[in-house]
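Handing you a structure now.
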Amino acid sequence: MTLIAIPNETSTRDKRTAITPENADKLIRSGAEVLVEAGLGSGCGFVDEQYREAGARVTDKLQTLLAEADIVLRVHKPTVDEIAQLKRGAIHISYLDPFNERALVEALKDRQITAISMEMIPRTTRAQKMDALSSQASLAGYVMVMQAANRLNRILPMMMTPSGTIKPARVFIIGAGVAGLQAIATARRLGARVTAFDTRAVVAEQVESLGASFLKIDLGETSQTSDGYALQLTPEQLARQQQGQADEIARSDIVVTTAQVFGRKPPRLVTRDMIRRMLQGSVVVDMAAESGGNVEGSVAGEVVEVDDVIIVGSGNWSGQVSRDASNMYSNNLFNLVNEYWNAEQKTFELDLDDDILCGCVITHAGEIVNESIRKQYA
Amino acid sequence: MTLIAIPNETSTRDKRTAITPENADKLIRSGAEVLVEAGLGSGCGFVDEQYREAGARVTDKLQTLLAEADIVLRVHKPTVDEIAQLKRGAIHISYLDPFNERALVEALKDRQITAISMEMIPRTTRAQKMDALSSQASLAGYVMVMQAANRLNRILPMMMTPSGTIKPARVFIIGAGVAGLQAIATARRLGARVTAFDTRAVVAEQVESLGASFLKIDLGETSQTSDGYALQLTPEQLARQQQGQADEIARSDIVVTTAQVFGRKPPRLVTRDMIRRMLQGSVVVDMAAESGGNVEGSVAGEVVEVDDVIIVGSGNWSGQVSRDASNMYSNNLFNLVNEYWNAEQKTFELDLDDDILCGCVITHAGEIVNESIRKQYA
Amino acid sequence: MELVYLSFILILAIFLGFELIQKVPATLHTPLMSGANAISGITLVGALVGAGSEGTTLTVILGTAAVAFATINVVGGYLVTDRMLAMFKKRVSK
Amino acid sequence: MELVYLSFILILAIFLGFELIQKVPATLHTPLMSGANAISGITLVGALVGAGSEGTTLTVILGTAAVAFATINVVGGYLVTDRMLAMFKKRVSK
Amino acid sequence: MQTVILINLSYTLAAVLFILGLKFLSHPATARRGNILSALGMLLAVVVTLLDQSIIDYRWILLGIVIGTVIGTLAARLVAMTAMPEMVALLNGFGGISSLLVGWVALAQPDLSNFILLTIFLSILIGGVTFTGSLVAWGKLSERISGRPFLFHGQRQVNALILLANFMCGVMFVLYPAQPLWLYLAIVLSATLGVMTVMPIGGADMPVVISLLNSYSGLAACAAGFAISNNILIVAGSLVGASGMILTNIMCKAMNRSLGNVLFSGFGAPSGDDDKLEGEVKSLSAEDAYYILEAAQSVVIVPGYGMAVAQAQHGVKELQELLEENGCEVVYAIHPVAGRMPGHMNVLLAEADVPYDLLLEMDDINPRMETFDVAIVIGANDVVNSAARENMNSPIYGMPIINVDYARTVFVLKRSMASGFAGLDNPLFYKENTRMIFGDAKETVNKLVREFSA
Amino acid sequence: MQTVILINLSYTLAAVLFILGLKFLSHPATARRGNILSALGMLLAVVVTLLDQSIIDYRWILLGIVIGTVIGTLAARLVAMTAMPEMVALLNGFGGISSLLVGWVALAQPDLSNFILLTIFLSILIGGVTFTGSLVAWGKLSERISGRPFLFHGQRQVNALILLANFMCGVMFVLYPAQPLWLYLAIVLSATLGVMTVMPIGGADMPVVISLLNSYSGLAACAAGFAISNNILIVAGSLVGASGMILTNIMCKAMNRSLGNVLFSGFGAPSGDDDKLEGEVKSLSAEDAYYILEAAQSVVIVPGYGMAVAQAQHGVKELQELLEENGCEVVYAIHPVAGRMPGHMNVLLAEADVPYDLLLEMDDINPRMETFDVAIVIGANDVVNSAARENMNSPIYGMPIINVDYARTVFVLKRSMASGFAGLDNPLFYKENTRMIFGDAKETVNKLVREFSA
């Protein structure tokens, strides 16, 4: 019998939870034992009673929970402390940020934990149901536009009224990955005129399929990885991009940046100069504020005003809609566990040759088994 | 030559301005002299320089401004103090809340001010271009839904994703006047399932014309004034309404109340009991919080949490989108002045027989000339 | 010369037949077929001439049989079509 | 009897004419009219018979005039129609 | 006998070619091919006719053909592209006179039955009307004659008289074929009739008239066919007669007229009489509206609350796209108070994905309203109520409206004559150039959309 | 002479009634009136025929008519509503045998030209084929004969032989009309041919067969008309022959078959052979797709990224509404990864105002996929890639897909055979019940919408 344990999240800012009562129920039905820490999911409206009804045990002792667990599921990465409390050989599934968290990865390796990083789930069609980056980014796209709209001193839709015609607001989205596309869709829904830019040329069609227009900037050769991630631009290309989008930014009421480069710091795309040209009261949202920022002057976790322009860098975007975010993340975790569940032996079957696991298992049996992480720390 | 003066607003919470540079320009072109207080419109992105460019004089002496003005334009009602500084016989146009501000009305009367109340512009087709209640209510409808959506722990649209299907949020709008209709439209744009209720039966079709569904509650006989305002319900009818909508409220993620009865306190429609039945994290927006409230427990000007439900009563809704709100309000004022402008003599021609002026002029030449106000204070 | 006229008539009628039927809703396929079938019972007219003319016993027998068969086709065809269409009307008006 | 056939032909041709033209885009109104006009020059066939038959001087003169007029109608009609349609093609392919 | 059969079989083939030709002519993609097919049919018919044994003298024929070919070719080559319609009128007139002459010649046949005489008379009558009518039409179009309708008092009576005289003449003609008076009188009367029926019609309506005369010339050929017992004349003539009638009908619809008006003339009456028409509401079917839209170059769509009620916005967007594909310019004119809340129309049109650039404000559209062929009012009422401009007593007098009545044609899509929010009657509905298309706006729009099928 | 003319003028009128009858029969609103008009035409034709002077003995006629009327009336009254199609087949067969008999009787005429002999032979041949073919069809439909296709080795060869024999027999018949052998042989051979051509066809395809045989019986009447030089037989027969052909074609399209297949039999071949067809892509025009959709009772729409690219959502909504108006159930099946972002399809369909209740999740739709007449795949590819279910080597093997291939017919709307996001070939496109409708999805959908015009 496999014991799956879910501790509370330690971050107070993030109200998401790793497993909802619904998924606890599903896990138990497939034959696992589920142990949750008391108060799990209280941030997004679930109560202990619901978990109990699903058949889970509820404990308020974190220590025993960690010590007994065969599999630990959670949203955020564990502390080094917590890792030490885990059973050797246990499986730990959560966000890990493995490229930047060397100490953590070493700790997991040393404790012989099988650590699965949710960020590293490959972006293939088959893996999409476990892909938490996608599910959370998609919600983030929605939240960012809603926050920007709420802070703007204008409305987004067009209105032709007896008291004059209000022109539709202009929204510029930089980076049209999962989050960017959802941001486009949300802004379009609200009636804004939306323009978007991305370095990956294939995205133009996707942008237009949402009714927005794609800003054409000639960057020369750009490309993407086999997983669909963007490659880093050369400094010269970056300059060209900045120049090409300056006018668009100046006339936009809202700018949302979502540009990321897999495994690297996000590029700096919006400079102070550009912001200065924007109308007073405009809003810039920097999705990447917490990991370095696409926007000059954005502050991680905060909303600041620079040159009369509001820069939103609050981060934890999907956490704003914690209920839906938890549902999706929890589904992702369940789908992952379920995909490799051996229904007879009722265990998680680790097959390192499987192309999904091969991408997302970071440490196993005292080794860093993931190649790109191994290279990074070699 | 008529001097039109625009002082700054005294409320710090409201960033709107009564006249934008664009409308200052138009007033000057039609032959008026315009005097504005320094800093006018700074809350919504205008600077003194723009007014100067339009040809207005800018002063920082409020006292001389008030004393010299033939016409004063502003958003909010004046203080009794300020009234005393006005020239006798001057015209003062702003919101007045004349039904509840007896002292103010008396002061205006005594000072022989011709006071025009923007709330009292009749709701006729011809008067719509001056109708600030409509223009601001319409923005309010948008803002209320946006604020609610921002505070909700869910997203509004439906999403069928590999990480599960998110059902569209349910939004219930009580009162489908101008604000309510715009709220419906905004929530629908965001992809929510919207239901609405109003006591005026004619509204059902309007609600459906926006793609929302109308909740049918049999209240017996209800009717509306010739201006289209709702009449007050009998206590028995109110009870029936509360009962009829209780289930809808319980299953809604967002409830927005906009119910008003012209010249009376807004009805109390959502009770604590109903709120208790709502899901944790749901949001209720009380448009009328500042004038008495449709929702039990709402606090004027604040956002409170009651039984894990968030109740938004912040008020000053259109002020949230101060730039567009100012543009519209300023257009309303300009249209009003322009409608009665005598182009040859370059004066405001007061014709108390005109059906619009007859409705909105409250005091004139030392008399309360508006009938319903006179009755109210008789 | 008569044949010339007849073939002229044939050609025109064929073109007309092609043009007449353009787009038929699926519900009308069977009634239309049945109605056309009734029209094809026009061979009755030929049979009448055959059965009524002076001739051998054989031709009279054949002619009478032809009349009987063709009449079945005509009478049955029109009635059946009408029944179908009557039902169809009801269904539509529901 | 001949007349019977002819009227049969007339009726069929009229129905066919009605059925043939169903919905014509506005741009084709004039060319179609012109094309039909050329066809109505078929009276040339009648004129030929008239002009070529033995007859009085009058009928020959009349017949010849008829041939001339009808030929103008036919030749001019087809050419004009073709010119219009050629232009139309160009415009469409633009 | 063999040749007769050969000739007639060839005629059958020619008839098939004409039929296919007409069919192809009515589709853009095949039109040119259709014309060529029909020309082939004509060639075939002419060539085999020359084999006719009753033809014994080819000299005159040759003369006629040469003259005709030269003139026809030159005319077709030299005429300016813009002068095409009048050219067609002229050619059509020649067809008419030719039928008249054929009928005349047929008189020389021996043993004429009454029926044949009747058809001879008809070919003379119709041929004559076609001839002079076409000449007048040509004159009007080429501005050799004033394009203005030619009207005088008692016109109706005079025309009725001429018609009667023609009828009488016809009777006498059949009864006394030997008396040439009736022949000459028939010719004169039919020529007069042609002139009198076309003169009262204005230049703008000439295309319809020509189409009608073209149909007549087909009928004339058909009558001539009976007169000389010739199949191909009957078939080709009646094909042209019938299809020409349909085409005339279609063209009428595209010009917002009725065929009845045309057939009994007097249409396109001068506008002086029209003011009295106020109080009369003209309604139109969606199908007829299609013909007008199909011919329109520019359309302005004016939505109102009814579009919202009907939820017609998606259909409207589709209609817009179809019109655009058809080469028409389409814009939307949004009145600030249209609907029941500020921006009501914007919400709906944004939902239907109408580009913002196409949404024009009232003040931008009104100055250029005259330039629009059609204004489509979709469930709006108060915002296009011309009383606000015209009637000082109206409660909304002075309110700016969208002046749709200045467009060439106005379609008003609503369910009834009911008033709108303001509860006022709308004089727009009674204007000369207004057509009401009754019914739910969504259904009407969808019908229009479906009419636009290839 | 006078009666002959009267009779023939009445025939002309009867022909007009038949023409109008057929025209009206093809529109729901006028269908019943059409049937009555055509019945009137028949009555007229029959009554005036009785005036024919060559008819001298009415006794036999009366007998035949009484028998026929009684049987016909009873049959029409008593037959169950569900048994209509086989009833029509039977009646049609009687029409066929009647034409055969009329041809036979015509042999008794004096002075038969070769041409007349030929038409007599044709009326016997076609009448005979119609007769036995109809009987077999009736047997299959009423399950008196097994509905399964009756097939044997060398079938094609045998049929070709019969056809050849028939041809030879015809030649002999015309050359030696006095020799009754050829007559009897012709009757036997044509009867055999009728049986042999219909037997191989499965019961489900019988409606098409009946329609075809109906067209044949018109042709038989037409041939009989030539045999006895009768106008109305020729006109009515060829009208039915031609319009029956068109109707057959329309019905074929509604059943997703081609007329060629029917004419040369061998269609509806047993499914055993079909697996070998894999690798062949069948494409369909939007017009033909319309016929199938028009006849469908339930449709599932599966949108994918291509719908977004084409921005076809508004048209799709309209198509949905039209199908619903037509009495069809329509739902949408949304695959979780359709499009390029989570919820991509929801955004678009919400924009087009598709009710949420119609959007079904993959897991809800798959179990009932068999119940759908048509699945319309609009610009989707990976999400309906049956390789995920069937091909263990596929990179997406095991991914749940929407099993559109289980629906009766699948339409795939895309521009080419190109692959989707995952870059994989899609075996769905090669399945027996899949039809590719190539072209931009929006254009295709709009074409379908326009085909749905009244």
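Order of writing sets the chain letters: A, B, C, D, E and F. Residues in each chain are counted from 1.
Here is the rule we use: a residue touches a chain if its C-beta (ideal position, glycine included) is under 8 Å from a C-beta of that chain, and two chains touch if they have at least 3 such contacts.
Since this is a predicted model, take the numbers as computed values, not measurements.
*Asks:* For the copies subunit C and subunit D, give the interface type as same if over half of its residue numbers appear on both sides, and as different if under half do.
*Replies:* Mostly the same residues.
*Asks:* Which of the two pairs, A-F or C-F, is linked by more C-beta contacts?
*Replies:* More contacting C-beta pairs are found at C-F.
*Asks:* I'd like the Å distance between the centres of subunit D and subunit F, where a centre is the mean of that chain's Cα atoms.
*Replies:* Roughly 38 Å separates the two chain centres.
*Asks:* Report the inter-centroid distance (CA atoms only) between subunit A and subunit D in whole Å.
*Replies:* Centre-to-centre distance between subunit A and subunit D: 76 Å.
*Asks:* Would you mind pulling out the distance in Å between where the CA atoms of subunit A average out and where those of subunit E do?
*Replies:* Computed value for the inter-centroid distance: 66 Å.
*Asks:* Please report how many Å separate the Cα centroid of subunit C from that of subunit D, as a whole number.
*Replies:* Once rounded, the distance between the two centres reads 35 Å.
*Asks:* Which parts of subunit D, given as residue numbers and ranges, touch two or more other chains?
*Replies:* Residues 1-3, 5-6, 8-9, 12-13, 15-16, 20, 22.
*Asks:* Would you mind listing the residues of subunit B that make contact with two or more other chains?
*Replies:* 128-129, 134-135, 138, 157, 159, 161-163, 166, 189, 191, 211
*Asks:* Could you pull out the residues of subunit E that touch at least 2 other chains?
*Replies:* In subunit E, the residues touching two or more other chains are 15, 19, 231, 235, 311, 336-337, 342-343, 347, 350-351, 353.
*Asks:* Applying that definition of touch, give me each pair of chains that meets it.
*Replies:* A-B, A-E, A-F, B-E, B-F, C-D, C-E, C-F, D-E, D-F, E-F
*Asks:* Would you pull the subunit C residues touching subunit F in the complex into a rising list?
*Replies:* That would be residues 2-3, 6, 9-10, 13-18, 20-56, 59-60, 62-89, 92 of subunit C.
*Asks:* Provide the residue numbers of subunit F that touch subunit C in the complex, in ascending order.
*Replies:* 15, 18-19, 21-23, 25-28, 31-32, 34-36, 38-39, 41-42, 45-46, 49-50, 52, 54-58, 60-61, 63-65, 67-69, 71-73, 75-77, 79, 81, 84-85, 87-88, 91-92, 94-95, 97-99, 101-102, 104-106, 108, 115, 207, 210-211, 214-215, 217-218, 220-222, 224-247, 250-251, 254, 291, 294-295, 326
*Asks:* Within the complex, which stretch of subunit F touches subunit A?
*Replies:* Touching subunit A: residues 305, 308-309, 311, 336-337, 339-344, 347, 350-351, 382, 395-396, 398-399, 421-422 of subunit F.
*Asks:* If we count contacts the way the header does, which residues on subunit F are in touch with subunit E in the complex?
*Replies:* Subunit F reaches subunit E through residues 311, 314-315, 317-318, 351-353, 446-447, 449-454.
*Asks:* Where on subunit D is subunit C touching in the complex?
*Replies:* These residues of subunit D touch subunit C: 1-2, 5-6, 8-9, 12-13, 15-16, 19-20, 22.
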